[in-house]
Each structure stands twice: as structure tokens, then as C-alpha cells.
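What follows is a set of notes on a single structure, which appears directly below.
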Amino acid sequence: MASEKKISDKVGFPPGSLIHIGKRKMEEPKITIIDYQDEQFQEKIAGKVEECFPFRETPTVTWINIDGIHDVKVIEKIGKHFNLHPLLLEDILNTTQRPKLEDFEDYIFTVLKMLYYKEEKDIRIEAEQVSFVLGANFLISFQEREGDVFNSVREGLREGKGSIRKKGADYLAYSLLDAIVDNYFLVLEKIGEKIEFMEEKLVKNPDPKLLRTIHELKREIIFMRRSVWPLREIIGALEKIDSPVVKESTKIYLRDVYDHTIQVIETIETFRDIISGMLDIYLSSINNKMNEIMKVLTIIGTIFIPLTFITGIYGMNFVYMPELGWKFGYFAVLLVMLIILIGMIFYFKKKKWF
Amino acid sequence: MASEKKISDKVGFPPGSLIHIGKRKMEEPKITIIDYQDEQFQEKIAGKVEECFPFRETPTVTWINIDGIHDVKVIEKIGKHFNLHPLLLEDILNTTQRPKLEDFEDYIFTVLKMLYYKEEKDIRIEAEQVSFVLGANFLISFQEREGDVFNSVREGLREGKGSIRKKGADYLAYSLLDAIVDNYFLVLEKIGEKIEFMEEKLVKNPDPKLLRTIHELKREIIFMRRSVWPLREIIGALEKIDSPVVKESTKIYLRDVYDHTIQVIETIETFRDIISGMLDIYLSSINNKMNEIMKVLTIIGTIFIPLTFITGIYGMNFVYMPELGWKFGYFAVLLVMLIILIGMIFYFKKKKWF
Amino acid sequence: MASEKKISDKVGFPPGSLIHIGKRKMEEPKITIIDYQDEQFQEKIAGKVEECFPFRETPTVTWINIDGIHDVKVIEKIGKHFNLHPLLLEDILNTTQRPKLEDFEDYIFTVLKMLYYKEEKDIRIEAEQVSFVLGANFLISFQEREGDVFNSVREGLREGKGSIRKKGADYLAYSLLDAIVDNYFLVLEKIGEKIEFMEEKLVKNPDPKLLRTIHELKREIIFMRRSVWPLREIIGALEKIDSPVVKESTKIYLRDVYDHTIQVIETIETFRDIISGMLDIYLSSINNKMNEIMKVLTIIGTIFIPLTFITGIYGMNFVYMPELGWKFGYFAVLLVMLIILIGMIFYFKKKKWF
Amino acid sequence: MASEKKISDKVGFPPGSLIHIGKRKMEEPKITIIDYQDEQFQEKIAGKVEECFPFRETPTVTWINIDGIHDVKVIEKIGKHFNLHPLLLEDILNTTQRPKLEDFEDYIFTVLKMLYYKEEKDIRIEAEQVSFVLGANFLISFQEREGDVFNSVREGLREGKGSIRKKGADYLAYSLLDAIVDNYFLVLEKIGEKIEFMEEKLVKNPDPKLLRTIHELKREIIFMRRSVWPLREIIGALEKIDSPVVKESTKIYLRDVYDHTIQVIETIETFRDIISGMLDIYLSSINNKMNEIMKVLTIIGTIFIPLTFITGIYGMNFVYMPELGWKFGYFAVLLVMLIILIGMIFYFKKKKWF
Amino acid sequence: MASEKKISDKVGFPPGSLIHIGKRKMEEPKITIIDYQDEQFQEKIAGKVEECFPFRETPTVTWINIDGIHDVKVIEKIGKHFNLHPLLLEDILNTTQRPKLEDFEDYIFTVLKMLYYKEEKDIRIEAEQVSFVLGANFLISFQEREGDVFNSVREGLREGKGSIRKKGADYLAYSLLDAIVDNYFLVLEKIGEKIEFMEEKLVKNPDPKLLRTIHELKREIIFMRRSVWPLREIIGALEKIDSPVVKESTKIYLRDVYDHTIQVIETIETFRDIISGMLDIYLSSINNKMNEIMKVLTIIGTIFIPLTFITGIYGMNFVYMPELGWKFGYFAVLLVMLIILIGMIFYFKKKKWF
């Protein structure tokens, strides 16, 4: 089931060829339709793609969510019925697509990444691609698999909480965007906790394994950065867009998401700074330890090598060595060695090696 | 009392839900009203929120200050009476909010950070969020707890010093902004003193503990930077804003605060440079110390290992070793060893190891 | 055949002199003509340059591809017939030319790089320069040698797949651009695999040879960066160009290639970050190993140097050394040395040196 | 006399309060008036501030120079008579003010820094703040103390050299600006000489004291950078200003100063690069020295430790050790040791350790 | 002859004073006049400055080249006759002038640097300043000494090759610019060769002398960068200038030089990256060598220190040491030591120290 297609599998096909790039993450695509307006609310799972076509014409707001994008035919049918540009379909299928926004007059197309923090053997931030097609009164969302960060929005729709049912498809799109960006804060919170945990460990015991974890954190932060940075531009463009699809009254909400995106980006940059600071601390700690080790060796060596030399002298077998015959020669030598020892210790104290 | 809510506690609520994020820093919100115009001046503490509503209609300038924002109901009532946008109320309640400015035509909303330098076990810069709602003739300020940097402004109002009572709510807002930015200089002054103190210590005695303090300073500077950078944009926008709320004559004062903000930012950047320079010095000092230690070991080893070898030779028990029988063999060996010793010392002198 | 001309060989000629700069990569230039429109399709290899001149006047779309640009006369003849600016011809001949776009009203000229990943003794990214002259209904492409990344486009043309035969020369140019950028992804995929392979090796066994490979990767990434960065600007300009040669309907496709270029650039930047992180890991690993080595030496030295000193004492030949005569003197000394040994081991355990 | 006021002494006062911030550098303020036009020239020292007031009305160009700004009353009186904005007076008094330009329609206000290179115990760049108020036919300059870089301008005025007396107050302002920027070149020249001197020393003998000097140079360069960078913007704005105070014909001169400022900035950036390169060299030199030391220890240890072991063997007191009785046993052992010694030396030669 | 004047020698003179700054590089200024139009061509060396004045009025294109700018009077006379602005003359005389472009309506003034690569004891890039005054039908060029990079242009003019004689003074200026920029490629080629040579050496034998050369390369690259960067702006401005002096048809040529300048800048940046990579490699190589040395010491020490200890035990002179009397005691000890030796070697093999 988890067969993976790389971008290289697509090279060699003419542009416009619809080919799914990425892992296949579920068995069968699942299509969910939510249709609402004020008091009206309907939610159903479509067995076939065709079931969602009639909703296009109704004046109510319709949210069609497709989980699983590996089935090219489903995407093609939707594309045909909703009159979507072939390049757009290509982007939906390519899960390595960079987040982007495209304005096709009748509808707006955007690709985003949902992020999940995983910590098993390694630390890893997993990305799931979500594409939105936002029309005047419909929103189609494409996800790689079941499970997302939109449950609060679904609850709001079902229970009619807040004003969401009274507003249009653009407000729905904003709510989903908001849920995605809010989820970024969750991921960052977990990374933040990990960083704090690492910092404490670093100072106490600079284990070489920490270096690996620092490197992993750094790599995942770089990865997250790539997924989030383009959002700044996307939401900024959305907020300034001149399209019948996005109402003026919705734009103030988009500005709010924009602010949150900036905050996410700033936190990412701060984390980068802190992580590179951690590397410095790690390296200095290692250096300090080395220093300490060398000091011990040097103290031991500096004390005992000269003393051993003295014992060597009186271990020589010369026939004529007057000191050897002295009665207190042995004790005199012991005394001399003691004095040298004490002198050394004072020297080290003065040098602050203890 | 110090219960803390994280941003993750808010995920799962629909957008627009009013939830306080951050630590609860005081028991009960405290509402203070200052009302003035020219000679007129009135200051009172409101027992209930409703007491401050009548001031909205009066032509005098009214400053309503709320200490403690954890009580969502108080914020909601004010929001309702003063006709504030729900997103604005959300931002007031979220103490992790990035500094921002929002122009709602009838009023201007801005979020800022007051900073305090703390040095207990660690060095820490504490932030308290302040939000301002600036209307034509009123200013509402929201703070996390009692105690702020606005006392000089309050004194000015009470005593009618300067021209502040003759000017409008926008000048009051400027005065508060000015007090916040002036306070940044205080924080920077203290960091500057700490840096100077550290620099002296670094050169004299590169203690591994200093590394920790350098890292803390660096982290707090990064933190301060995040709180101050957005101000540049905010005050810049305020100075160029086209709103009935901000008079032209006030803008020259805003330009002055803008200049100060730039100066704060430049000082922060300078401190970052200096701190990273301190890290370099620390590392080199550690390196130097290592060098010195190795030199001692090498000198001792290089002198005594060969000498010990010579004593070893004459400590061998061969039956036939002619030198052993020589009358001055022992003294000759001592002499040879002395010559080697002196030669070594000359060699080290030449190499400048002393 | 592989004679190479450097840019210095051109210095000293007046501007406008046509001189081939670079390696000569094939024997004879090869000219291929593809002419098509809807159902019509013709492909032939021209024996002489003049054979491709008549196609200029036909209303069908003509793609003239020249493999081998070292024959200045061929280039000159084409330049004359198609009325190309001398500076343009100079750029075609100079294979060290930076990617660029030039709008000559009647035609658009662009220089690009095709990249190939080679891994023999070293890792190397090879570049081949391609120049395009795009007219209203013709496209002339100049390559350094046979073999390129355009086979999928040729197949599409031959078999009439997709809509390419129904569209103009500008769509053909887009298809070729798209093939070039798609190929960059292939190169990046291979570099990505190499990086992953290196990362695993780095952690397991930090071999000094890895340092060389890291350096090679870094250098090639820098090289690739230089070839790809200007594309951003080029395709961006092409997408916004106001020229009769590029139809409005083609621009949405160009925007798609633009997005891919951005993605290529971002991946390159990410790789740079990761590679410099690898260098840090390598250096720390080396440092760790050093540490470990020093620890072994220190442990051995610290244990045995004092013990050897004790044996030295009782190896002295003083006449009067009372301990020597004791019955259990020898065993007492052995016991003392054992106690010292155990003490040392405990000390090292406490210091976590094991 | 050298009492110093910090910016923190001002916090707590309402905005607009006139307080001197900085060191008091001289006893009494000194006011000098230079008045000229074509052939006319008059220079006098004013005993009281009021003496310079009448010059405001005359059609001649008047330059009022105030040395010493700690006397708030003097500044206040001038401010009142010349109708200067209170914020401007605040900036004049605050010697930590960032260089700035403010256009008040009737007059232009600018704050700059004069820099002096000092080398006593440390290297230090001292800054003195100069503020200019440029009106239609007067220029008021405020300095912290007597002594400046304007003597060449004064000479020019006194002797009527060049065309300065024929031009207006704006040309006078340009001349002073030019003198300030020219003086930056002097400071840079001295820093450049210091850098050259350091580079030579670094290669010859990497003394730990050099590290300190490198750090000082770096810090002072950072300091200088902060004083000079804003000038770029200031002179750029001055050159493009639309004000009756600056004539068109003067702007070409301002463009020239602008160019010089850019050159100063570039030199500063180059110096930063070179200084950080010096740090690298220093660290590598230290590393090299360490290497050399370790090599000596290793060579000595590697040669003598095994040899000492051999002597140890024949120093054992076993009753039955056949070699001891051999006639040439002693010489054989000496020979073996010699062979080992020579072998070692060859090994080291091969490893290029000599 | 090689007297040098520094910028500090000029400080103290009023602005507009004409003073030569830099080294005097030749005896007497030499003035060469080339006058041409279509078939007409004349070249002569002027004995006196005045000889070139009549050419100003002729309709033919005149190129006046002055080698040697230390003679202020010559420059002054030309300035007077051609009506040049005094600031321009100042810039010509100041050889530390940053490259710049100034449009004086009737003529355009530009300052550039010709660069020469020198490798004697050190690597050095020498700069010679060239200034151009481009009028409607004349071009005056000022150089510091005889010898330049314009010979190909002179040949073209003499022999009437290409179209240069048919075009105006602006095309002549372009040709000279092109020659200067082409020459930068030559310098870069030589630096590139040096870098390649260094890289090979670095891997084979990281000699401390290489560090010095790396530093020199870095410094010269920084120097070259400063001379070339401003060109980007200058040629960019020239290409967009709206002046009667530069014809529209010449601008496409200028765009070509612009492209080359960008390429030069990019190559410089790439070289910077590679050189800083070389420093990393150098440091790691040094580190590796250190490691290797330490390994040898550790192996020798770890093997022989314990063995020597054993010999020490049996070298003690206790009266009662049972092993000493055993018949095979000596051989048993030798065997034990052999076993320890083999064990150690196995241990090192396992640790991959061989």
C-alpha cells in the first residue's frame, strides 16, 4: 500500500500528464460532502465521485473533502466537472509541490502543508499536502489520507456554533487555513519543549548522542521552514486579492491568520538561532571535558615523572655511589621527593588547575 | 493563582472563541479611569466594568486602564460597549501575541510588550503584554497585571505638567508608547553593564560557567529582539496613518519615538555582535589554557623521559657492564644528564615555550 | 577533439568578434528540423545549414535544433538568414555565458544550462549550454553536443500526444524549459540520495575521506546554484513579457515552470544548509574520537605512572632501606598498589570516563 | 567636571523635558559667531547668548557655534529665539542620539558624530555629537566641547579662499559635513595601519594578547559603523530634499559627500571582513603551535618509552636470566636500542613529522 | 618617483582643492590624441596640453588619453577648456576614489578601476584608476600610468576593423568599458587557477604556509569585490540614462557589458565561498593530523607503560620475593607481557585505531 513514486518517475512524460507523486497512504479515496446554509446542514459520504456533482449548482455552501489522492481517475473526473485547469490537477497529485496560490478568476487554488510532530527513534515532522479549490459557493479540499486538523471546524459546522454557517465558502476556507496555522503552533510547542529538555541535558552531560538529536532538530526545523515560509506570501496575496470569490469582510480574518503565520516564522527563526547556540555549547562542553582530562594527565605526569627519575638514579648499579651507603640516604631521598610533590601541588594551585 | 494556559489549549476551538492564553498574574482585574481636559482632571478606580461606559460619550479625553486580562467577561463587556471587533478581543487575551497594529477606522488597535530585566539565578527579560485601543477621545489600555512603566505619564496628567492635558487621546497614546520605548533603554543599559562585567571576567579567568551566562544573554537578546523588531513597522505605520484618530501635529512626536525604536534595535544588534565575539574570546581562552597545560606536560616529559631512560640503562643487571666499575662513572652520568637538561631548556627557550 | 578555449583567448579581439569559448564536444555540427502544425509533422536531418532557411517563411511551427556550436560559420549563416543581432551570436558561442533573457522585439533570446549528475572518482555536475531563439513561428535551439533532455518533447510531437501540435512555438519553448527544469529535480534527487548516504556514514565512521566528499558536494551545489538562480529572473521576466512572440494563454504554463524553479532553488538552499551541518557533525565526531583516545591514554597513564613510581622506590639500591628486609614487604607493596588501582578506577567511574 | 548622566536618568520625566544626557566635557559653554557675505567678514565670541540674536535678521550668512551643551538654559534660550521645536532641543541635549535628519520647513535639523581615534591602553574611537540647525541664512552648530574638525572651513572663511563666502548657509553646512566625513577617512587610515601592524605580528608570533586587540578593534569598528551608517540615509535625503533652505546648486556637492560616505561604509565593512579573517588566522596559528608541541612530546615519548621498557627488562632481579651472563649482552642490548632509535627516526621522517 | 600621498594629506584643505592622492607612477604625463570618422583616422602624441583643444570643435570623434595624473596643472587646463566641474577634477586626481558615474548633462563622467593580477612573494591584485569624460563627440580618459587594457580597441580603430569607426564616442566608451570588464575575467581566471592548485595541495599536505596564501587570496578577493561591485550600478545606470551623449543603439551593447559584470560579481562570490570552504578543509586536515599524532603516542604509551610497570615490580629489591627464585619466572613474565601486548593490539584493531 505504501508504494512511493518519486518526481523522477514523472520525467519523460509531456507536461500536463496526470501522475501521482508521493506515497500512497490509504486504500480507497474517501469523499465527504458537507452542505450548509444558515439552519440547513447536511453531511454525507459519497460512494462515487459523481454524487458530489449536483452540489455545484445549489446556492448553499458545499465543502467536498477528498481523502486519498493517489486515484488519478477520481481527480480527473472532479477536474472535468468543476472545469479545473490541467496544471492545477497536476499540482494536486504532486505531493512534493511547494505551497502556492493561483487565481483562476472563477476559483482560487491553493496548496498547503499540514504538519505533524513525530518522535519515535528520531524526531520527525511529517507533512501532509492539502489543496483547496475555492469557488463562489463551494470549497473542494484534497488530502493525502484520512485524519486532519479540521475537526474543530467540522464541529462548528455541525453544531452551528459561531457565525460560520451564516458566512460563505471563503469564511470556510479561512477557518481551515486558521486550523492549519494553529496546528503549526502545536508542532512548535513540542519542538520548544524538546529544545528546553535538550538544553538542560547539554549543560549537565554533553553526550555525543545529543549531537545527533541537535542535528535532527536542525534538519526538521529547516524542513518546517520550507513548508511555512511560502504561506507568508500566499496569505498575504489572499488578503489583497481582487476576486469575486473572497469577500471584503473576510479579509480582516485573513489578516489575522497572516499575523499568526508571521509569528510561526519568527518562532522558527528563533529556534534556529537557539539550536545553533546549542551546538556551540555542546562543542565547548566537549572542549571543557577534554581540558579536564588533559589536566589530570598533566598533573599526574608532571608530579610522578620527575619523582620516578629520582628513583631511577638510585636504582643504578654503579659500584661507587656514595649516597647509597649513607645511613639516612633513603629517608633523605623520600623527603626530597615529598618536598617536590608539595611544591608541584602549590604550583598547580597557583595556576588554578584544581 | 499562577495557572498558565498555552496556545495548544486553544487549538480545537472555532476562530473567534475568547480564551485567555498565558499566566494569570493577579487575583481580580482592576479598572482605573482617568478623565481630563485642560484644567479638568478626574481619576477613579471602577468597581464594575460598567462604570467606565458613560465616559465614552463625554468630549473629555478618557484613559481606561485594565490591569488583569484573565477575566474574559470583563474584556467581553468592554468589547461590546465600545463596539470592538471579536478578533481584537482575541488578540488582547492572547499574551503570546506578536506586537501588531490594526486600523479599524473608528479606532486603532495595537499590541506591545513592556520588558523588565530580572537577574536572579539566571538572566531573564520578562515581557508583559499591553494592548491599546485608541479612539477619537478615549484610550483603553489592557495590561496583564498591576505595575507598569507609565507612572511618569500619570504624574504629568495629575499635575498638569507639560502640555499633555491640552492635547488629545492620540498624544496620550504617544506618551505611553514613549514610556515603553524609554523603558527598553533601561533594559539595554542593564544588559550593557552585564556585558561589560562579563568581558572583564572573560579575559581574566575563562570559567566554564561564563559560557552558560553568555548563552543566556544571547537567548534573552534574541527574545528581546522579537519583542522590539515589530515595533519599527508599527510606529512607522502609525506615523504615516491616514486616520481621524491621529492628528497631524502628533506625528512629529511619533517620528521621534520611531527614531528611538531604531536606536533600540541597533543597540540590540550591536549586543548580538559583541556577545558572539565574547564566545570567540571564551573559546580561544580555553584553547590557550589547554595549550599552556600541554606545554607543561611536554616540557616535563621531554626533559625527564630521556633522563629516566639513562638511569634505566645503568640499572640493568648485566654481569659485564664496564662503566659501572669506573670510579667516576656515576658522576659522569650525572654530568651528562645535567648537560642534556640544560640543552633542553635552551631548546625550549628558543622555541619560546617559556 | 576536446580542445578547450578559455575566455582569455577572446581578450584582445574587438567586441562583436565571433569566437567559440569552451570545449569542442563533437566532430561535426548536426542540424535537425522538426516542422509541424495540427496533423502535419515532418522531421529531417539537414546536411547543410541552408536547408533550414525555407522553413522560416512557412506558417507551420518549425524547431531547428543545432548540436555542436564550435563551427562558427554555421552559427554565422543562421544569424544572417534569421537576422540575429551579433551580440546574440557571441553569447551562443560563449559556453561560459550566464543564463540570460533578451527581448529583440521580433524574437526572444535566452541562454540556459542543462545539468547532468556524474559520479566517477569525484562527484561532478556537468553543464551543457542551450540557447533558444524564439520567433513568431519558429524556435532555434543551440546545444554543445548531441544528447539532451528533450526526448519526451520530441516523442510528444511525433505521436501528437497532448495538445502540443495544436499550439505555437511559444508552447514548444515552454515544453523545452519544463524539460530542463524537470531534469534539475533529477539531479537534486541524486544529490539528496548522496547526502542521505553520507549522513549515515558520518555518524558510524567519520572517515577523513568523507570530508573531501562533503567539500565536493558543497562545491557542486555552489556551481548548480549559479546555473539555476538566474532562471528565476528569466522565467519571471518571460511570464510578464509584453511581446507578440509569447501568447497570453502560454503564460499560465510559464508560471508553473516558475514555481518549479523556485522549488529547485529552495532545495538547493536546503542542501547547502544540510551540508554545512554535516561539516559540523564531522568535526564534532573527529573531536569526540580525539577525546576518546585521550581518555584511554590518560587512564592508562594515571594508573600506571604512580604505580611505576612505587616500584622505582623499592628498586633503589640504598644500603639501609628497612622495608626491603620485611618478610611481607613485597606483598604489602603489591596490596598498596592494588588499592591505588581500585581507587583510581572508582575515581574514573565517578568522573564518567568509562 | 566629568559628571555623566545616563539615559536612565531621564526615564520618569514626561516627554519634552530638557535634560542633558552624557558627560559634561567643559566648564562653561562658549559661543562663537561668524558672520560673512562676499567681502564682509566678522568673527566674535559672545559673552551672553543674547548677543547672537540680532544676527538672525541680517541678510548676511551667520554661523553660530556653541561648544558645550550641558547648560540647558543656553540651549533653551536659543531654541526660543530661533523658534525651534522642543523635540529638536531634546535631541541636541541627548548625546546618545542616533544621527538623524529632520525637515522643519523653515529650517533643517541634523545630528551627526565627529569621531576621533585614541590609542592609549586600549584602542578606542571617541565620538562627539554635533547638531546643526540650518536656516535660510544662518547655521547653528552645537558641540559637546571645544576642539573640532572644522578649522579648515574657518580658515577658508577668514581668508576668503575658494568661493565659500560667495555662497549661502547651505554651502557652509556642506563644508562642515565634508570636513566631518573627511575626518572619518583619517580614523580609518589609522585603523588600517593598526590592522596591517597586527597582521604582521599574527603570522610571526600569535600572542594571546593579540586576541584582545583583535576583539577591541572589532568592537570599535562596530561602534564606528553605528555612527556612520545612518549618514548614508541622512545625506541621501538631504541631496533629494525639497526645501527652500537647500539650493539646487549645492546638491551636486552633497552627492559628492554621499559618495565619500559610501566609501567610508565600504571600508568599514572591508575592515570587518579582514578582522574576522585575522581571528581565523590567530586560531589556526594557536592550533599549529599546539600541534608542534604535541609532535615533540610524541616523538620523545615514542622513542624513549619502548627503550626504557627494555632497560626495565634487564633491570629485573630474576635469579635465572641467561642474557645477563652473556659477555656482550650489554652491548647487544645497546645495539638493539640504537636500531630501534634509528627505525623510529626513519618512521617519523616518512610521516613528515620533522 | 614613487612618492605616495594619502587621503590624510588632503584633510585640512577646503573642498574643491585640487590635490593628487596616490602614488606617482610615471615621470611626465603623456597625452595621446586619436581622431577618426569613417575613413578618416589620425593619431598623435601631444607635446603640450593645448594641442588637444582644437579637436573639441571638430565634428569627428576624438579620444584624448592622458597617462599620468599627478601633474595637477595639466588636469586643470583640460578642465578649464572642456568646462568640467571642479568636483569632477578632484575625483580624477584622487586615486582612492570609489567607482562612480555622474551625469553633467553635456557630458558623462565615470571613474573605474583596471585590475592586474600580480604574483611575486604575495598574491596581489593591483588597481589602476581610469576616469572617462564622455561628451557628444569626444572622450577624455585619464590613467595613472602608461600601459592599459585598451590595445585591442586601438588596433580596431587603426585598422578600421568592425564598425567602430562608423559609430560615435559613446560606442568608443562602450568598447573601453568592455575591455576593462573582459580583463576582469583574465584576473579571475588566474585566481581560479591558483585556487585549484591550492585545493590539490591542501588535501595532500596541509602546510601552515597554505593558511597564509588562503588569507591573501581572501583579502585580494575582498579588494577586487570592492572595485567591481559599484560597476553593476554604474553600467546599469548608463544603460538606462536619458542623455544626448548616449545613443539608444549603443544601449544594447551596454546591457551586454552589464551581463558580464554580473558574471564577474557572481564568480567573485563563488570564489569567496570556495576559499572559506578551503579554510574549513585546512583546519580539519590539521585536526586530522593532530589526531593521528595523538594516536601514535597513545598506542605506544598504552602498550609500554603497563609493561614497564611489570618490569618495575621485578626490579624491586625486596629480600623475600618468591617469583624471583623460580626457574622459569623470567620467561613466565616475558610471556605475560607478550600476551598483554597482543591483547592491546587486538583492542586497538577493534577500536579501528590502525
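Going by the order they are written in, the chains are A, B, C, D and E; count residues from 1 in each one.
Simple rule for what comes next: a contact is a pair of C-beta atoms (placed from the backbone, for glycine too) under 8 Å apart; a residue touches a chain by one contact, two chains touch by 3 or more.
Since the model is a prediction, treat every value here as computed from it, not as a measurement.
Any chain touching chain D that also touches chain E would appear here, but none does. Averaging C-alpha coordinates per chain places the centre of chain B 42 Å away from that of chain E.
Averaging Cα coordinates per chain places chain B and chain D 26 Å apart.
Counting only residues that touch two or more partner chains, chain A has 287, 290, 294, 297, 301, 305, 308, 312, 315-317, 321. Taken as a graph of touching chains, this assembly is arranged as a ring, one closed cycle with exactly two partners per chain. Circular chain order, beginning with chain B and continuing to chain D, reads B, D, E, C, A (contacts as defined at the top).
Against chain D, in their complex, chain B makes its touches with residues 151-153, 155-156, 161-164, 174-175, 178, 182-183, 185-186, 189, 203, 252-253, 255-256, 259, 262-263, 266, 270, 273-274, 277, 280-281, 284-285, 287-288, 290-291, 294-295, 297-298, 301-302, 305-306, 308-309, 312-313, 315-321, 352-353. Those residues of chain C that touch chain E in the complex are listed here as 6-8, 10-17, 85, 87, 90-91, 96-98, 100, 102, 205, 208, 211-212, 215, 218-219, 222-223, 226, 279, 282-283, 286-287, 289-290, 293-294, 296-297, 300-301, 304-305, 307-308, 311-312, 314-317, 321, 323-330, 333-334.
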